[in-house]
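Everything below concerns the one structure shown next.
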Amino acid sequence: MHLRSSCNLKFEISEPTPFILMLRPRSGSQQWVEKEEFKITPSIPVFEFTDGYGNLCQRLIAPIGMFSIDTSSEVITSDYIDQGFDEPFVEIQNLPDAVLSYLLPSRYCESDFFNEMSMEITQGQYLGYNQVAAITDWLWDNISYIPGSNNQPISAIQVNTRKFGVCTDLAHLGIAMCRSLSIPARIVVGYLHELKPMDMHAWFEAYIGNRWYTFDATQVGNRGGYVVLGFGRDAADVAIFNQFGTPVYPIEQRVTVELIESSF
Amino acid sequence: MHLRSSCNLKFEISEPTPFILMLRPRSGSQQWVEKEEFKITPSIPVFEFTDGYGNLCQRLIAPIGMFSIDTSSEVITSDYIDQGFDEPFVEIQNLPDAVLSYLLPSRYCESDFFNEMSMEITQGQYLGYNQVAAITDWLWDNISYIPGSNNQPISAIQVNTRKFGVCTDLAHLGIAMCRSLSIPARIVVGYLHELKPMDMHAWFEAYIGNRWYTFDATQVGNRGGYVVLGFGRDAADVAIFNQFGTPVYPIEQRVTVELIESSF
Amino acid sequence: MHLRSSCNLKFEISEPTPFILMLRPRSGSQQWVEKEEFKITPSIPVFEFTDGYGNLCQRLIAPIGMFSIDTSSEVITSDYIDQGFDEPFVEIQNLPDAVLSYLLPSRYCESDFFNEMSMEITQGQYLGYNQVAAITDWLWDNISYIPGSNNQPISAIQVNTRKFGVCTDLAHLGIAMCRSLSIPARIVVGYLHELKPMDMHAWFEAYIGNRWYTFDATQVGNRGGYVVLGFGRDAADVAIFNQFGTPVYPIEQRVTVELIESSF
Amino acid sequence: MHLRSSCNLKFEISEPTPFILMLRPRSGSQQWVEKEEFKITPSIPVFEFTDGYGNLCQRLIAPIGMFSIDTSSEVITSDYIDQGFDEPFVEIQNLPDAVLSYLLPSRYCESDFFNEMSMEITQGQYLGYNQVAAITDWLWDNISYIPGSNNQPISAIQVNTRKFGVCTDLAHLGIAMCRSLSIPARIVVGYLHELKPMDMHAWFEAYIGNRWYTFDATQVGNRGGYVVLGFGRDAADVAIFNQFGTPVYPIEQRVTVELIESSF
């Protein structure tokens, strides 16, 4: 699938404000970035770096006045997400070193609290992919996906109690349950074709049978059209922008995803 | 100060059990490891790797039966911890890339909740070292340090409510407050000479004026004698051992620190 | 300066051929990539990774038949290269860890042979920037820059004997001399506005006074217009394409750089 | 095999002299460091860091006067080196990213010159381990190993012409030939039990069938007893000490390896 995604952010800045952005998609095993634009207005110095998860991040100090960030990309991504039923659980000793940190609890994924619950939900499942599929089904059945219900991340324990949430909330609960079963899991932030209502999206990946698989408890079936912006342990790591000092909110935030042509 | 520290752990293993250890001190800007021992009994294959924070970690599968880990080290470390009164706050744009992740909230340090409280506690302080010193003083005055009161990490919000805790708990609250003021902060796990009662210890560091400074709200004054085993965002990252599968607890755990000779 | 640069490569492939490319410019302290295109025809899976020097590289297997790579970018870069006369030499003990490997001899920069010669050329110069400026002047005066004179990299010792060479050759000799004086130096490959004849270009950077400075012994003055594709120890690390198996040569290779608008 | 290895270096320093050391063995897939000592006399600040190849390196400034470095270690290592006859060549597209740089030519391994010769030497061999074994046999038959014949590294081309050399020279030629066949190869520096005459040693590794295999053209058979200090592209990367400024030579250099007990 060939997608054009864009994100436009506009701020009114009243004092010089440091930002860290995560808005440049990166080609990887999952997608090929064929075209990309990233404009900062007014034109100011921006420093790009790679964070500890491999994401391309940008640092800048927004000057006083109107400040906008306009990014778009044309990405080749899969029509369907890969499924791996019966792919086996990877024993800890066989996990790559770089994957191990995705086993640990994190800010919004208190995996240390979910072992019993996850064991119950995945009872009888073959260890590995099928467990995560069972967790995703359980999320779909038990946690209502209500876009816009929440504009601050809440943690897996809170989501589990409240029983509804935004995409990030469902991802956090799914991740916490995977990790409680010693399955590495991480959050992904990006775009999804035909997401309704259109906005930035978040889902999760679990490491099974020697690769990462995509799971999204907010969508039915295995349709693809995902464009990845960044990976991390949870929402704390993958904000599309982190801003420091007096809080500033976008006065405009527009996200689009359109189909260019189905291919690849 | 020249210290000999040791940690001996003994387990009775009933099924092959994967472990990840963080027990090998590493020479760095803070300490020089002059001598070191690390024995695993029985002798089994162990794989060492460096985690995302730069710590030397070890992976192994403990076999059925008695299993013990015996480590000791002779380390040259400072008699006093450096203090940096009036050292200035580093603006976000001037922080090294590698330090940025220590600004984010993490599992046990929900820094996103502490800005107001931290502003109040540090009111009137010159931005930087003095703020963290004020936070440390506040911890000393307001959170009782009760070794052994807790054997599971609890989070900064919980510590702040409960008003007492172990060394890790005080560190978590200190870290959460620093980060809420945009000061990078991290947990440190290791040994401390003359800690009473003797045990593994945890404290925290804050990045000010272009270096990391040590803070420990469980101790008076600036006496040194710290031996670092590992760094991380919070206790989730720096367990001296992480064990997977059916929980196993040490049937013996012994920590010692003795003075060899004062020097350096 | 706002530049649009492009590189088009076309191959006729007779057996499946692995390639590693280094053709995606990366935003950094020196440039901001505002727009970028990278097309592979036919569309095949490509895997992107970051090499040990921080460059974005792409791996693919070119299939049998016509195979083309079309990249272009719009980059904001400086009108003039920064000069730093009198910026001081950085003592080894104060160099960042990541810079140390740029002190060592490498495939085409046998710095271990150049100390005496470099001492002579830089005699009387204040240690640091002025030494490298003297080396660059010496290169300009003593080694003829003859584009196209060479299509295989030769080493600094060979360049010094032959007395002429392409851009890469002059860079190698400059790098070898810097390193022989304990000044870290690295090669840079990329585009240069108004290079005559237009082609890919190579120059070098030296680490002085806590940053990298640009030097180019093939150009007069300090005009800018540089677009960086990659960094490395020498030409062995920064080939825009490395191809494995039976050698294949581009049947078409076109490089362009045009001015969009002067700004920034 | 349980070995105690040691290296003692003594210098007479006449001006403050920066050193970079590579003398701390690191536990890895090949060895377990059970005990280790590293003394610097007089006691001065030393900073340890990890280089781009994963080696633990130390930086210091040797003060005027007598200066000594005393290291020893007790390491569990294998009695025999693993052999992997018929293990297959790994196609470029299947190599891990981190291994790719070991395909490139480097200072002392001009692999770009050896393809024809390597093809001839390995003619008829099954691609992979058997090719490297044939290269090692060829080295044994054609390049005389003469310890002490050389105290500056020379390059693969030079070794091939001169027809004799020290351990490093044979390793360089072997590496250059492997890389010319698109087999990743790296140098290893360390200790070898019963090396005659006893000294620091160097050998090489080639990446075949998804792991690194050890090759040593200076020894017969597959006896083990290797203790690794560091890895790199060639001798330029793995000097046990690099010293900057006016050259200083050890007035004493003593290397020992003794057997403690055969086990593991």
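Per-chain residue numbering starts at 1, and chain names A, B, C and D are given in the order in which the chains are listed.
Definition applied: contacts are C-beta pairs under 8 Å (C-beta built on N, C-alpha and C of every residue); 3 or more make two chains touch, one makes a residue touch a chain.
For reference, the UniProt names are A, B, C, D = Transglutaminase-like putative cysteine protease.
Because the structure is a prediction, the values reported are computed rather than measured.
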Farthest chain relative to subunit A (centres taken as mean CA coordinates): D
Centre-to-centre distance between subunit C and subunit B (centres being mean Cα positions), rounded to whole Å: 43
Centre-to-centre distance between subunit D and subunit C (centres being mean Cα positions), rounded to whole Å: 30
Multi-chain contact sites of subunit B, meaning residues that touch two or more partners: 50
Contact graph of the chains (line, ring, star, complete, other): ring
Every chain pair in contact, whichever chains are involved: A-B, A-C, B-D, C-D
Subunit A-facing residues of subunit C, complex: 24, 26-29, 32-40, 43, 45-48, 50, 54, 56, 58, 76, 263-264
Subunit D residues within the subunit C interface of the complex: 18, 20, 49-52, 59-61, 91-93, 97-98, 100-101, 103-107, 109-110, 112, 152, 182, 236-237, 242, 244-245
